[in-house]
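In what follows, structures are represented as structure tokens.
The following pair of complexes shares a single chain, chain A, combined with chain B in the former and chain C in the latter.
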Partner chain A sequence: MATDRRSGFERGRWWPSSPRVRDGLIAFLPVALATCLGVVPLAVMAYESVSPPITLANYAEALGGVYLPVLGRSLLIGVVATAACLLIAYPVTYWLAHVCPARYRLAALITLVLPLWLNYVVLNYAWVWILARGGVLNYLLVALGPLGEPLSLLYTHTSMLIGFLYIYLPYVLLTMYASMERLDYRLVEAARDLGAGDLRVFVDVVVPRTIAGALASALIVYARIAGAYATPEILGGPRNQMISRLIVSAFYEFADWGFASALSFVFLAVVFVGFCLGALSGSVRNELKRW
Partner chain B sequence: MDLHTPGPDGESESGDRRSALGTDADAGAGTGADAEGSADDNDGRAVDTGRNGRLGSGRVGFDRVRRQFFRTVVLCTLVFFYGPILAVGYLSLAPNGQPSVPIEGVSLRWYVAVLTDARFVESALTSIGIGVVVAIGGTALGAMAAHVIVRGRLDRWVRGLIGLIVALPLFVPTVVLALGIGVFAGRVGLGFGLVPVLLGHLFWVLPFSTFLLTARYATLDAELSEAARDLGASNAEVARTVVIPLLAPALLASVLFCFALSFNEFLVTFFLAGSAITTMPLELFGQIRIGATTFLNAASVLVLVVSGALATLASRFEAPV
Partner chain C sequence: MTDPSGSTPGTGRSRTGNGTDDRDRDVVLRTDDLRKVYADTVALDGVSLTVERGEFFSLLGPSGCGKTTLLRIIAGLERPTAGDVVVDGRSVTALPASERDSHMVFQDLALFPHMTVAENVAYGLRRAGVDRTERERRVREALELIGLPEYGKRDPAALSGGQRQRVALARSLVTEPALLLLDEPLSSLDRQLRQDLQVELQRVQSAVGTTFLYVTHNQDSAMSVSDRIAVMREGRIIETGTPETLYEHPRTEFVARFLGDANVLSGEVLATNGKGTTAQGNDTGETDDTNDTSARSRPDNIVRLGALGTEIDAATNGFEPSVGDRVSVIVRPEAVTIESDSGSLGGRVLSASYKGFYNEHELELDDGTVLEARTDGDGPRPSPGERTTVDLERAAVVRSYSDGRDPDGEEGQPGAEPGAEARTAAGAGTPAPDAKAQRRARTGTGTGTETGTGSRSDGD
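Up next, the complex of A and B:
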């Protein structure tokens, strides 16, 4: 393919400059933007986190007893919320790819991933009205009878988890759908014809064929959940601090950029380890590349 | 019971299934293999409910349970997604500033209040302005990156590297990137305000526009461009008369998606805006932290309607997958 194109191009000798130079020029703007705002800031942060002059004090503080539990909590919540997303995404994407009639499929897919494009600050806020003591859910539960008095759901771990599920499930649906669609349905039928039960079909056919996509979407969403800021601020309570809250307050309230950078790098390192573990598997790597 | 009778039985069985399952199966009947799939599916969690089916009367009942399971899960997901939005819409109609459930009347006064609120209108206009610039700029940059990634005559690893650098915002947690850009802007002396926010948003939407366009670009027939070139078109003419018209739906979708992304972006703006400018998500976030009000509900509905309409429009041009 590539050689084809190259030779095809050499035929067009009338173009004076080298095609490589021309492509380089075209690539320059987007790459420069991504480098200046992605790569360089990471380098600046790395420098910032070990200065002045050269010290690991910021890292020592970030890994100290006060902040480590917050990091642990962020990661744990990330794992739980991601697992919940996958648990729901499996049946929903399976339905979408293999059960839903083809002519409704696109409409159903768009309906299910539309929340991706809505404002997540507003979406989180909507749950305040559902979960508050005087909110819709408590009203329904009390009015319809099952509860004597309203539950305190808002500003807890539960409300935060619901918020994460709400915001990030569409991402998982979208990525999982891509790999669920590639699952050949004839395999499921074959397994059934050979006498496999439901659980067996799921464990031996559906999961092995889709696990790479599931892990890839889990990795992407996990990092986002663990580093989310708006959801814990809106739906979490003062006892549910997460890592991003610490980073933001180090940046804004204490103007301690070195410490904020060190915290970010510790967090980034943990996320990166997850990616590396995922990338060890070639099929997950391919799935990630598709993104 | 689990044993599916193979062979000739299959035909009559799926017929049974269709009649037993009524409208849904009928809808699926025209879709070939997928229609077969429609009744015959399963998931680990179906097994629990499936046991009831085993006690029931044979395979048709079993399929019905399975189908019921999927229908329930999907329906719950839809209620989960859209219930809160409907609730906020309902509560935005309350006449008093602090709505109670159920609301005590129906009034549009808070919509009027939102649309005449100077702060809200100003932040909305700021967001729209930034969104327009980012939508067009982000799509243009994305098209350039996509062109090089798909058609570039650079070495394979260079193109891979370009893809990787552009994809950075997808893999690095946003809070880390946002802090990085904030620290960088502070150290370089770029400061905070409109220009850093614009650049930050461009950077943030770049992977989305790039990969949306890359996907479409890769399906274009490279020989069309070759043919145009053989007929004497210059590169600019090839781009103008062949590539861009073929990419037009994807370009339009990219413009709309980039606008929606920028319009909704919160965290990067939070680190870069400083005190000079306020975008709508920032304004809403600030007010949400003060407390939930009918004013905010009405503002939320307006924001959701705008971004939802844009996304629906965009997906008409290019499917999200």
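Up next, the complex of A and C:
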């Protein structure tokens, strides 16, 4: 039976014999579905944000007046929380990769990233239980004596930051650990041998050799923190309103879908620009590919 | 067997004399009884050594002998369990690596990949607070010294292996440390490049005059570059001396085998000349011959041995066996001369092979002993089966543990001798020697230079 090579179909059969065509057919539906899942909602939102019928009024409103400070606050909180994550992740992953005995390493790593396996809303409520006026921490502080009366810890910037740290630190730890593990410890020894103290070793060797990992982890968690909804809702106070809160209320409370979509796209654009800036560096791209 | 204490005078001297004569000589490094114990292993078992200013000193030993651990303790990258490191008369044991006046060239070089060649070389100067103009001048000089003046702006990754090697050397030398520590930096290079860089190392060392402490498991490297060598094994220094002394007059069978091929015979001491107590050298390398020609031309102490069914003379170095002792004797293959008629021993040629600048023979003496012999390439080359006569030159008595005790009573470790199976292979009155066993034993020490098979590994 002859094969018409050009079409890839065997004569008299509907099923193609060429592997390329066959693979294309098999892959078509799932790829189309995935693309639709990703693109269609965004497209609908994009359309919604510039209607009715075609107007930029929603964007004008989003970029004007009262909403910009909230957007700015969200981005700032993202910066602070991300920086705090990195500040903790550096010594922890250095210890894990270069000090901790190899046989305890896996156990330590799993313990550190354990929160990843729990629902993040639940994780937030755990901190409510700890930080509340009648919570575990205040009870201990009062019972053990250092404090006369309980502190107001909950619904503050601090409690929100604690929540962000707790939830997003594991991502930073994992990314930084991959980077730290590839830091050649001989370089640390060489710098010490040539007269560098601990701080110099950190600045001259550890940071330059792991900066790509740090940037990559920042890119991964920054947008999620700046756009977080649950943590500010549960642990933050009324003055800690963040951008997602506004978007959600525009959707639900005011049913102003066009405005909510416009706000979302403004946020997306800001984050996307930041992401592109970070991804300009080839070494950061390589770190991101590990995810 | 007479009193073994008669043969130990070198012993006490080496340990007690250690600290006292630093003033007489310009000692740049001294370690006192360093010990390093890991959870379940002893890496260093009491290492005392003294290195003089300007020396090219090598620590030589098979892998796992503790030489790298010793180097890292001297550098300050590891802490000893016990003992003291003294650099320039000052104890540095408590100091971190960054505050010690010694720099290390790492085995894998550890050049900073995120810095240029010039920045790498300048790093130690920056940390020492040298100002910019002075720094640039010294970096330039260092790059010229290693023959890479144009390479300052390149990345280390853009250099060849040999060039990186030189940059690592320059980076560690540029601050003019009292002591340069080299941890097998040449081991990753191919043979030709390694030999070139050995020459380079010596040239640089004599140009800057810095003391080099060089760790290697390659006896060829150590022999060709060093002023003195300390041979290590199982966390101890077995012997210290000039390459020539260690090669020609090793005091232990381990050293004899580690530094090259050796025929090991056993014999019984018939007479001594009584000069053993003044012999040169001792364990910590305190004295050694400063003019090494003496080692070859006039070994102090000659004993007459009954061996191979006849009598031979052998030199001893640092200890004196008593009449009646059974001892091991080593004879280098090149010290076995094959003559047509005048030799004192009779034998038969088992095999002969041409190696270019030398010939290699396997001889079977009339009593069954098998010897390896090496002659000049243009010398006599009897064919297999031919009868010949043989003379042994420069035989050297080495410590033998065959009677279950260490004749010098000091350092070796009886029972742990890897060459044990071959020791009696050529003994007088011992039955048929097994040349293969000898060879096996030699390879077993991990040292290379194997004769008889025609291959000459360079131990790497």
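Keep in mind that, in the parts below, the second predicted complex is superposed on the first by the 265 of 291 C-alpha atoms of A that agree within 3 Å, B and C clash if a C-alpha of one lies under 4 Å from a C-alpha of the other, contacts with A are read in each partner's own complex, and residues count from 1 in each chain.
We take it that a contact is a pair of C-beta atoms (placed from the backbone, for glycine too) under 8 Å apart; a residue touches a chain by one contact, two chains touch by 3 or more.
Keep in mind that this is a model prediction, so the values were computed, not measured.
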Which holds for A:Leu187: it touches chain B only (first), chain C only (second), both, or neither? second
**Prompt:** Does the superposition put A:Gly197 against chain B (first), chain C (second), both, or neither?
**Reply:** both
In this superposition, the partner of chain A with more touched residues, chain B or chain C, is B
Exercise for review: Considering only touches as defined above, state whether A:Ala260 meets chain B (first), chain C (second), both or neither.
Suggested key: first
Problem set entry | Which of chain B and chain C A:Leu277 touches, first, second, both or neither | neither
Quick one: is A:Leu68 in contact with chain B, with chain C, with both, or with neither? Answer first, second, both or neither.
neither
Return first, second, both or neither, reflecting whether A:Gly135 touches chain B, chain C, both chains, or no partner chain.
first
Between chain B and chain C, whom does A:Ala60 touch in the aligned arrangement: first, second, both, or neither? neither
After superposition on the shared chain, which partner residues are touched by A:Arg209: those of chain B (first), chain C (second), both, or neither? second
The shared contact residues of chain A with chain B and chain C are 186, 189, 192-193, 195-197
Listed in rising order, the residues of chain B that touch chain A in the complex are 2-4, 6, 24, 27-28, 30-31, 33-38, 40-47, 50, 66-67, 69-70, 73-74, 77-78, 80-81, 83-85, 87-88, 91, 100-102, 141-142, 144-145, 147-148, 151-154, 156, 162, 165-177, 179-184, 186-187, 199-200, 202-203, 206, 210-211, 222, 226, 229-230, 234-235, 257, 260-261, 263-264, 266-267, 270-271, 280-281, 284-285, 288-289, 292, 296-297, 300, 303-304, 307-308, 310-312, 314-315, 319-321
Chain C contacts chain A in the complex at 75-77, 96-99, 103-104, 106, 108, 110-114, 123-124, 127-128, 171-172, 175
So, in the complex, the side of chain A touching chain B is made of residues 2, 5-6, 8-9, 11-12, 15, 19-20, 22-24, 26-27, 29-31, 33-42, 44-45, 48, 87-88, 90-92, 94-96, 98-104, 106, 108-123, 125-130, 132, 134-136, 139, 165-166, 169-170, 174, 177-178, 181, 185-186, 188-189, 192-193, 195-199, 201-203, 206, 220, 223-224, 226-230, 233-234, 243-244, 247-248, 251, 257, 260-261, 264, 267-268, 271, 275, 291
Given the complex, residues on chain A that touch chain C span 184, 186-187, 189-197, 200, 204-205, 208-209
